[in-house]
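Listed below are the structures to be examined.
Here come two complexes built around subunit A, the first alongside subunit B, the second alongside subunit C.
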Partner chain A sequence: MKRLTTTRRHFLATTGALGAVGLVGGVPSMLRAQEGKVLRIRLDGDNNVLDPGYMVGGTEVEAQLQCLPFLAEYVREGDTFTWRPSQYVTKLEQRDPTHIDFELVDGLAWSNGYGTLKASDVAYSYNRMKTSDWSGYFDALETVEVTGDLTGTIVLNQAFAPFIMVTLCHGPGAIVCEKAVEDAGGRFTTDFPAICGPYTYSATPGQRVVFERNPEWTGPLPDFDRIEGNVITEVKASELAYEAGELDCTELGADTMARYQGAMPDNTAITTAGQLQYMWLGMNTEHEKLKDIKVRQAIQHAVDVDSILAGAYSNTTAKSHGIICPGLLGHRTESSYSYDPAKAKALLDEAGASGLELTLRTLNNQERMLAAQIIQANLAAIGITVTVLPVDSGPFWEMGIEEKGDTWKELELWLMRYGTVPDPYEATQWFVSDQVGIWNWERWTDEEFDRLYKEGIAETDGAKRADIYLRMQQIMEDTGAYVWINHEPEAYAHRADITINAAPSGELNYRRFNLA
Partner chain B sequence: MTAYLFKRLGLSMAVVLAVVVVLFSLLHMIPGDPATIALGPRATPEAIARYAAKMHLDQPVWKQLVIYVGNAVTGDLGVDVFSERPVTTMILERLGFSMSLVFAGMGWAAVLGIPLGCLAAVKPNTWLDWITGVISVATIAVPSFLVSIWALLIFAVGLRWLPAIGAGEPGDLGDQFLHLIMPAFAVGLGWVGYLARMVRASMLEVMGEPYIRSARAFGLKPNKVIFGYALRVAILPTITLIGMGFGGLISATVFAEIIFARPGIGKLIFDSVMARNFPVVQGAVLVATALYILVVLISDILIAMLDPRVRDSL
Partner chain C sequence: MRESAARERREKLKLFLTNWQGVFGLILVLLFFASAIFAPWIAPYDPNAIDIPARLSKPSAIHLAGTDQLGRDTFSRILYGGRVALKIAAIGVSVSLVVGLLLGMIAGFGPRWLDNLLLLVFDTVRAFPTVILALATVALTGPSLAVVLAIVIVTSIPSYARIARTAALSLRNTDFIMAERSLGAGLGRILWHHVTPNVMGPLLILGAMDVPVIVTVEAGLSFLGLGVLPPTASWGTILNEGYLVIRDTPWMVIAGGIPLILTTLGFTFLGEALRDVFDPRMGRGR
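Let's turn to the complex of A and B:
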């Protein structure tokens, strides 16, 4: 057997050669400019599950919007969002509160030889959703009746006004090809078993997703020939890539948005998709220290929300006055309390709460921590000592849930942010009586609130619905358990010669991007 | 030599096993229900049950560990919580990008750092030595993530000479090289200083040895004495440093991979931690650790081959 030997001279020579090979990879190609109508965008992660029933959401919905049929799509009218029938239907009508009739466009082909889009695909897609991870969106669905090759009726088990807006326009409303999905074993993850849309889909994990024109697509053609989605996890890296000219569109963080608003980069515009996040300072109405409503009202008056918006969010978010976000029915434009430290002090004195010490729990990210510190200073000004307790997301989301431990008993103050869908019913559902110990961490109950919640879902008259949700928010505010903070926007910077299209919750629909 | 080799291999495997146990324990000590943490606070009970079954969370922890180690030995590191893709495949897809970054980073650092160290050693206490010292300490002191951001702002955003993000077009070596320049510069910069200082110190020691004086007395050319005799001996501690450096760079690349949105093991770990995708975190950290141990093992074996005295010690 030959002995494994080397000499120092050989070692030095080999190391030098390896270093040279590592450094010289080939002749660099400086040709990086894009040709044709190519759109370069950012994806915040890989698409892990494209199946609408088991997806995570976000960019997976964006992929579905390019490759799968939907019955309806979002439309922006001024500052509000509504819906319209999609390119896949010739008819989509709410016949009565529990029946929605549809007729599909004839001849839209599925890829991979799976024939054309049929009403039976709609029935299959929506019925399977009732037992999926996104089943909550289909609680109101009774069944889908197929009345012809291209026609059918969506039957609801109760009047549910937001069904089209919330379910049919959004990712869970994507229609899959029955035969293709069954051939794939009933579920799929990182590739579509069949597509029916203007773009094909291919992904290189960790790097990019490419959408290219689908040669089988016979519907309206989008403006761009090719979409390149670059996987960039960090929004800061994405902003720099945009500034370096390597992206045509990127999401913006609050500080960068403020910087851009001060000095907009060349050939850049900012579009705000929606503001479907609502953040508040919550108080546990059952906690000994906060049982007295006067103490809670004192805190409402003591917190300077404008300072939080300026200090933690660079004035890039909308001031909140409730849980219904801007652009939705029932959005409030003012609250019944205001920043008034003198009144806060008086209320505290009335309650006889001197030397009060409270704990404020918050997620440990930069904006929340800044907001918590401002609240800490505000409350110190009226004599309340606050200890800020940063919490990681795992334990944070379990704090108020009774079955997850005993932390809910110790909860005093916390900073909370929920996201919602473009209809007011969703935001209100977490505060009904049976959510106490689950998501109603403030732990109050109100019969009128519960009744109005049911009425709001069934009501189809817009004005009446708005009144219902305004009243519900007033009830919440009157508990003293809430200091409304803000609604964070989903904002995008993009080339000024491109018009972008985004869902209220921020998902981009590239097929509806337009080039000037 | 063979006995030494077996002893080092056995020790390395023991270290990997210890890392698996520590890693596994740490992940199970994270507060909160693992399924809820991974799937989000509003996951359906069905999804949580499916996750728990898939991850064997219904089994005792020691049994989960045994199952994991048993599978890992056969190359099965589990599946991604969300996409259900094999973790091993995901790691292999990204390993090449991390390795090319590590080799390029350490490569240019060695090419520059070793001659700098030699230069400083042959002209000790001169302005050349002082300048080299300042450069070395400066490169060591600047954190690689700062270098990454500065490089990005200057060369990509400001001058637009180099690409800002990604790893380049698949199959286009030139484009991939362009995308490698800034990340390699950022991760390698600190090592220029380390290597220069180490080579200088070793060279100074060796240059005072009698055999070097003899070589000079025999009238050998200075370059022959420096590179042919002194550096051959002085390089030994540098090899150990480079070996450790490779291991350190595997974890240091995480900054560069995130800032330059470059696929790699570091970014995979970071993204998986953010998504609470624990099987991927576990698998990727295990592979990174194994690589570190492998590189250290190789450097130890190289030293043993170059210097027979160390073979008697473990």
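Let's turn to the complex of A and C:
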């Protein structure tokens, strides 16, 4: 009998060599899987709260767009957005400046045996929004009058033209099923108590969300049978998955967009939703170390925003001077502070703050981490030691919310980006006094700001409105709690044979994706 | 007696020097130590100095391994990253080796119930996947080098302890220990003078083989953003940042990967060669 003479080391060496040969010889060609009509997309995190009243936004709005009724939807005309009545209504008309009449389509069924969509569901949904975290969207709403099973009137307390565009087309305009939500205890989180839309919803946390055709749906059918939303936090990973053929549509990071614009991959098109994002470095005005406005002003002068735009964003984004995005009424083109380390140092000395140590919290993704490290270096130059703390998206979005834990007390600095809609009032609503501890993490209050916020909604004269929003941003800047960074475009790469549909603020509406 | 021991030592040294893998490993290991220890003198730049205009440059005479997205010199960052790896490996291996040795001998020489209890603890810890333990811990404490170190130590102790225990058990009833006991030697003296020298050899070899494992655990955790905090350079963070720009420039991934590969090869070859030379029970070429 012949003895087997393979030793462990031989075995390791052989398998290693075979592996190397395999890598060189046969990189398997990645083919796009096309079973049925499946759309594979990327979600940047788990959906934690699907309830329109208490959501974070982003992909949660995308889920609502598939599973809940809306009265209106965005229409893109070239570079501008308008609205049109949705598939759920036969009529949506502005009768006069304060009355909007609607009539719902008959026979659209809620799932789980909750009957059909009624005008009373609309009234219930919008009235409950007035007391929710997203109540700012409904400041102009007086009430919803139900005039029949399917008909009703939205009554505004003042003329407010953007109401349909800003509120009814966006996530907060989602309609929930009155009975189902009441049965669920008045609020819901990770699952819809009842859906009424072309797709059903199921989620595996940390992995994916699957939308499948809703057998009870009697409205117009979308092009895709099934939508797989893969949870991929890091946009770079998502881009690689797209290039490998594993995704049909992905958001693009700044430097990849620059690369694609130079050399577009095969069968790919880019759609830009809009520049309706505003990012800033936030400071907690109530924190012991940052209570002195001079310290905050020192930080405003110490951060070199141009370096951030070049180093972290490959110069593909517009520099920001406030929360109102480019193209909107009240957009600012300059700030009252500028990068001036000497002045920053002087302000810091004046405040008598030496050996200051601060923690900067940021989402753990490439651009933010790079931006954070540039800020870290900038602040080190004036003698502030910064610890950069990367945070996952779940805990990140809860950091400043009082009812989600105690992190808000120890928040010092953070990098934040909000998305907005095509009207300036939306961005300002998060910073009124009522929002302290909800979305106003900087925790300042200002009576003039609150007053101007109300005036901005009521004002109909464009020039006066612009002045109001310019003044509001000046108030914000004067708190010293903000270093404006940039307005990122929300751009998507997708297969050339798919037409995608994105809201101006970047949320995708898969049901309106078209396949050529 | 003395002469034969010296001769034996010379023979072993000769045996080691004729083992090309061992010598190669030793050179790599020495390089690793030297580059980490002398990093502040060798590194051409401050590893955290940002130079945005020079971002993502290719390797050149100015930047030997190119620069990263913030224009920091990758070569300098690799040298400083080696310090992190060395620190974790040196502290991790030595602490877990000493604690493992102590616990193992206690288990081997102690009462039966203590032995069983310790074994249960060792096996429980060993059964837990390192990365999952790290993920869970970091979720509670936040990322830091201390957490990585603690995890490395906790997860490596059982393997050392197990080996020390087995060796201690096999020695427990040998004649020379019996003789020592009958002469009235205390437990401490027996363990320190007679058991430890017999256990140390295999443990040191195991320690050398463990270094690359620990270095990769640190790199892995830093890659995931759970290890060192920015802007500290670690081979893992260099790899991660390189992976993010791999479509623009492959140099960072290559530069971050090479030291990891060399360190692993170096310590593995050295460990294997040491075992070949010093462990008479093992034949060559396994």
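Basically, the second predicted complex is superposed on the first by the 277 of 516 C-alpha atoms of A that agree within 3 Å, B and C clash if a C-alpha of one lies under 4 Å from a C-alpha of the other, contacts with A are read in each partner's own complex, and residues count from 1 in each chain.
Operating definition for what follows: a residue touches a chain if its C-beta (ideal position, glycine included) is under 8 Å from a C-beta of that chain, and two chains touch if they have at least 3 such contacts.
What you see is a predicted model; the values in this text were computed from it and never measured.
By the document's definition of touching, of the two partners only subunit C reaches A:A310; subunit B does not.
When the two structures are aligned on the shared chain, A:Q207 is found in touch with subunit B, with no touch to subunit C. If you count the residues of subunit A touched by subunit B and by subunit C, you find the higher number for B.
Of the two partner chains placed by superposition, A:D223 touches none, neither subunit B nor subunit C.
Contact with subunit B, but none with subunit C, is seen for A:G245 once the two complexes are overlaid on the shared chain. Put simply, subunit A uses residues 8-9, 234, 240, 243 to touch subunit B in one complex and subunit C in the other.
Against subunit C, the residues of subunit A that register as touching in their complex are 7-9, 234, 236, 239-240, 243, 255-256, 259, 307, 310-312, 364, 366, 369-370, 372-374, 376-377, 387-390.
On subunit A, the positions that touch subunit B within their shared complex are 3-6, 8-9, 11-12, 15-16, 18-30, 32, 45-46, 48-49, 54, 56, 131, 133, 135-136, 189-190, 204-208, 230-234, 237-238, 240-241, 243-246, 392-395, 397-398, 404. The touching residues of subunit B, counted against subunit A in their complex, run 1, 30-33, 36-37, 40-41, 43-44, 46-47, 80, 82-85, 90, 93-94, 100, 103-104, 106-108, 110-111, 152-153, 156-157, 160, 163-167, 170, 172-178, 180, 184, 231-233, 235, 239, 258-261, 263-264, 267-268, 270-271, 274-276, 302, 305-306. On the side of subunit C, the complex with subunit A involves touching residues 48, 50, 52-53, 55, 69-71, 142-143, 225, 229-231, 241, 243-245, 247-248, 272, 285-286.
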